[in-house]
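A, B, C and D are the chain letters, set down in written order, and residue numbers restart from 1 in every chain.
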Amino acid sequence: QTRIAVLVKSLGNGFFEAAARGAEEAAEEIGDVEIIYTGPTEPTAEAQIEVINTLIAQQVDAIAISANDPDAVVPALQRAMERGITVVSWDSGVAEAGREMHLNPSSNALIGDTIIRLAADHLPDGGQVAILSATATATNQNIWIEEAQAVLPNYEGIELVDIVYGDDLSDKSYREAQGLMQSYPELDAIIAPTTVGIVAAAQAVTDAGKIGEINVTGLALPSEMAGHIESGASKSFAIWNPIDLGYSITHIAHALATDAATAEPGATIGIGRVGEVTIGDNGEAAMSEPFTYDASNIDEYKDIF
Amino acid sequence: MAAALSATAPHTDADAPVLRLSGISKSFPGVKALDGISLELYPGQVTALIGENGAGKSTLVKIMTGIYQPDAGTIELGGQEINFGSAHSALDHGITAIHQETVLFDELSVAENIFLGHAPRTRLGFVDWKTLRAEAADILKSMGAPIEPSARLKDLSIASKHLVAVARAMSIEAQIVIMDEPTAALSHKEIEELFVLIDLLRQDGKAILFISHKFHEIFRIADRYTVFRDGQMIGAGKMEDTDQRELVRMMVGRSVDQAFPKQDVAIGETVLAVDNLCHPTEFDSISFELRKGEILGFYGLVGAGRSELMQALFGATAPSSGRVTLNGAPALAKSEADAIEKGIVYVPEERGRQGAVIGLPIFQNISLPSLKKTSRQGFLDLAAEFALARQYAEKLDLRAASLSQDVGTLSGGNQQKVVIAKWLATQPKVIILDEPTKGIDIGSKAAVHAFMSALAAEGLSVIMVSSELPEIMGMSDRVIVMREGLIAGEFARDALDAETLVRTAAGIEDH
Amino acid sequence: MAYVLKHREFILLGAIAVLIALITVRFPGFIAPVNLVRVFDDTSILIILALGQMVVILTRCIDLSIAANLALCGMIVAMLNMIFPDLPVPALIAIGIMAGAALGAFNGILVWKLDMPSIVVTLGTMTIFRGSIFLLSSGQWVNAHQMSEAFKAFPRATLIGMPVFSWFAIAVIAVFFVLMTRTPLGRALYAVGVNPTASVYAGIDVGRSRFFAFVISGMVAGLAGYLWVARYAVAYTDIAGGFELEVVAACVIGGISIAGGIGTVGGAVLGALFLGVVKNALPVIGVSPFAQMAISGAVIIIAVIFNARAERKKGRIILRKAEAHS
Amino acid sequence: MSTSAPSPRSIPDRLDSPLLSALKSWEFLLLLVAVAIFVFNSFATPYFLSPWSLSDATFNFTERGIIALAMAMVIISGEIDLSVAGILALASTAMGAAAQVGAGVPELVVIGLGVGVLCGMFNGILVAGLKLPSIVVTIGTMSLFRGIAYIVLGDQAYTGYPAGFSFFGQGYVYWVISFEIVLFLIMAVIFYVLLHRTSFGRSVYAIGNNNLAARFSGIRVQRVKFILFMLTGAMAGLAAILLTSRLGSTRPSIAFAWELEVVTIAVLGGISILGGAGSILGVVIAGFVMGLVTFGLGLLNVPGIVMSIFTGAMLIIVIAMPIVIGRIRNRLARP
């Protein structure tokens, strides 16, 4: 039996719950795989390391981690690898030294481009946009924002006026969104590449009576945004399929743990119904493109994840 | 005036007691505080409850006011057996008390202090502030107390606070008024005023329980007595059928030499000289000298500034100007630690707050100011601590089960002995005792006095702050009287006269 | 003037006015009435919780579980709304308050009957309440579209120019004002904090008064729970995480003495408003988001220093001479 | 007189034998709890009883435990320091900044401890110097210290610590015995001696029991408190070195919310939150209890948030148990 630990940033997050479902699906498909879905109390590196230590002690065969901090977990994961455990990261990555490979839900450049495009699609004449991120230390958010800034020149007339941090707290995100609307009366869109942030921003826009004036977009789960799509506070948003992500990383972890594949640049690993991924030079692979949700398809997905 | 009232007090012997306690027992972990005692209170009469420290008097008060529940026994009020579940139900039954500790609310107004827990209410159940203030003002006026009902309690003098406590007791439509050592913190003059009030209550037909360690007060005010010893009732009766010697024998179980054992000691050269010591708000222009082997008494009304002055000598309060020399060398202490090092120690007035560290064992309390001596390079030496503690515990005739017992489990008198022992153990040159026998029973008191005298004989210089006239007159070689932060007079032992001292302290001019 | 200077509330009010003036220099829109209403609206929950916390602190206790209580009650009403969308909102609010009271009572019972230090009790229940949310919701969120329209709309409806949300805060302030100054319970809560021993002697049951303080703080946490989830239209395990310290900070700034017995409803409200103004101003005047934490820390320290100086006793004055001078 | 000692001349030093009082103590109770958890873990999961597992379990508490030793003394003195995690973050940030400009291992250690001491002194000045209530002061400095770390680092992280630096948090002294656990035990011994065997420690108890009486007994109360806060700062700095080394990186969110966990260990260890009572031995055992509980539950893959229900309940139950037992015993003793 192969035991694969799916270690997430923190429990109680719809995204990860969905990913865990995907992992179970893959486990059933492969057969003789046990999924240990776990995560710490607080979304901190220290707490995650405590969990890593117990996974090492349980001698699991593979750890698939979405990390709270790309660097801080490295020593603990190295120790896991030393003890013969296959370590892969997904969603929120780990620095190269701490894992065999990383599965991006999509390519970072693609995501960065997507979040700007989501806003730009509804601003044919250009306009002001602002980004509401999670904590200032969230790795993947920061990378996407960087990529988004890089592609900005491709979108004529789109001006990024500010980046604020809602710390993934509802009240702070809400207040930051209010602050943005105040500071930039001409604001046309708020881009929040984080689920807590996008929900809070949509609510703030609704409460300010600015539906139609300000479009809230970014990355979120359909279940969380269904209400705001309906109200029009958000015209569209994107996300990759978390079920597929959990599904894929389980396939990859299994393949690496059973030595059916090796994690080296250029290697290709099959990921069941999703297809296959190819590992790049930096040990990273991308799963697929983000998928855009809007009023036309939201009802189909809102009860799934 | 008080004397006149007391003479006319009705001595109608009401035949039935209003309150009858019987077979009351109460234990604390390790202590049987009360053991099947009984007590009767009669309307229109003052019953004195006497007994040594730890005899169980305050415990009984707490049972009568519903704060403690007795382990056994019955309480009958007006012939009916009652049961107090809480302090509130005792209030409802018309029992009120002035407790031994000050139990008021500093941050609240005088009016509220008087009515807290039984405030008048409006029809909607809200606090009726208007009535409350008016009634408070009425009560204070009827007592002749010049206190503003809206004043904050913390701004009052200690004596006024005490009057508020009395007003509180009066505000409750009480049949029974209990006073647990009400005079311990009061000066001569205020005690007289209190006695006037007690007489008024007596005339009103209230039953009064009066607890005090001072026999002259008991003989002044009480109609009956009850004596406790070690949690048991030893005797009860009418005051006119007994005398002091008999009461003391019942209390202590032996007779005690009441005379003040001041030995004659040769007074040596000046040890401590205080020159024009000033403080911005508490005292001013204080100059005096203290000699070797001398007991210098400081008399005054409560709040005269004696404690503040002594604490300044001890480094606990910073004076604004002035000089202090000890054996000729500058000795104005910068801190308590500094004073102890120099050889000036202060045995504070508030035993529980400033003196004893209740939660620590006896030996650790005694060694606390001497830790430098009993430790080596900062490391403790328990054997040395025990030895030091035993030496002074025995010297002071301390009664304790072991030296590792927490001080909190000792009776008041024994706590005081620990407190004195801890500062004596530092082997000071000057010892300042602030109200050393406040709230101490007659047996322990004699021991403290004898000990003080012995200290002086050993060549120690003693300053004794006391508000008790007999003590001041009996023990001092010389007396300084303070009033409102100033020295109001100085008297040699052979020139001591009670009336002059009281007049000087109160600022009453001779005509 | 002397009266004004003597009362902390006026000084705090002045500080808030100065603060608003300074912000207005940088960002003129801040002083617009509509914005001030918004700031008040945003601070409502903090005000409500600060009042609950104040009652507990007055009795020499502390309620560290207040935010976890809020989150649990919020989850309870959100889930009820999700499962029974037809339950009327007032009923849900009542349920929220009762659930909060029950959780507060749990704290209170431990403090009352077992004499446990409140900081230990609420440190424990804080994590227990949080964990319970996770168990209750199996870690799932309750999202906007799962809540009924009425549920979300009720606190947002405007009444005389202000959202019902703000009116809740005003109503709670009024209730607390009456409670603390006009009812025997309110006075007992003060008395317990000023001098517990004396309270026992005055026939006040100290433990029971503390119990009620915790029940009251639980009730406002329950109410705030509904307001929170309705306002942000989402409920999950971590909502209001770390908010308990902000609530304590509001009380401290408002001059509620951590040693008990001192503090007023006005103080707590102004303390919360002060924090609310600061928090709302920082994003609009362009202070780096990274500096916010340090600034709020500094504000708390300054407030503590300030309050301590105001509280320090003048001391009795014995000397006639000195008395004449003062 | 409550006691009827026949002759006052013979007051014994103690009544109970040392063994008897040890058996009656909190520490013994806690030790039983620890053993019970150990036995439970051994049966509940096959992975627990391995040297490496046990060694890993210690990492769950060593850093917090080291801070808890100093926190215990602060709490015994009647104060509290909620800023320890903030200090840790700031010290770690300072070390990170120094490492960027090429500081070596010894310099980093000095900087970590030094920043800790400075922060502790800042608390000390506010609490001991200005006589402010420590609970609110340190709620303020908690945000202030971590806030400075945020200003310095923002969304960045410091990595790239010198090679040898990893030893503190990841190194092993011998076989499975980590440097951290050895350091923790050494610190425990030092704090044991400091609190229970020196006059400084005695002053701490006296102050916690009765501040005023301690002052009147010639104890320099404010100085002792100042030193205690400084000491706690130093331990937070030491923990910063260990944690930074273990993580190999610094972010301003490092050790977030640890203050409450540190207080939990101290309180679980029998330190009276009201001051004046408690022992270092209790804190050490409490550290192990916390480590065993969290690691054991982790091995059973209990979700972290559910685990926190256990620790919260354990805190309340362990503190309530002696109270309830005492009540029952009293009730039984009284007929």
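Keep this in mind: contacts are C-beta pairs under 8 Å (C-beta built on N, C-alpha and C of every residue); 3 or more make two chains touch, one makes a residue touch a chain.
Being a predicted model, the structure only gives us computed values, none of them experimental.
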item	value
Reference chain A; chain at largest CA-centroid distance	B
Distance from chain D to chain A - Cα centre to Cα centre, in angstrom	37
Averaged-CA centre spacing for the pair chain D and chain B, given as whole angstrom	43
Centre-to-centre distance between chain B and chain A (centres being mean Cα positions), rounded to whole Å	73
Sites on chain D at which at least two other chains make contact	150, 154-155, 252, 257, 303, 305, 307-308
Two or more partner chains touched - positions in chain A	10-12, 136
Sequence positions of chain B contacting 2 or more other chains	none
Arrangement of touching chains [line / ring / star / complete / other]	other
Touch relationships between chains, expressed as pairs	A-C, A-D, B-C, B-D, C-D
Residue ranges of chain D touching chain A (in the complex, touch as defined)	45, 47-48, 50, 52-53, 56-57, 59-60, 150, 154-155, 157, 159, 166, 169-170, 243, 246-249, 251-258, 294-295, 298-299, 301, 303-305, 307-308
Chain A - residues contacting chain D, complex	10-12, 36, 38-42, 44-47, 49-51, 53-54, 56-59, 69-75, 79, 95, 135-137, 142
Residues of chain C touching chain B in the complex	178, 181-184, 186-188, 190-191, 194-195, 197-205, 261-262, 313, 315-323
Touching residues (chain side chain D, partner chain B) in the complex	1-5, 8-9, 11-15, 193, 197-203, 205-206, 209-210, 212-220, 276-277, 330, 334
Complex contact set, residues of chain C against chain A	27, 29, 35, 38, 42, 45, 134, 137, 139-141, 143-147, 156, 228, 231-234, 236-241, 243, 279-280, 282-284, 286, 289-290
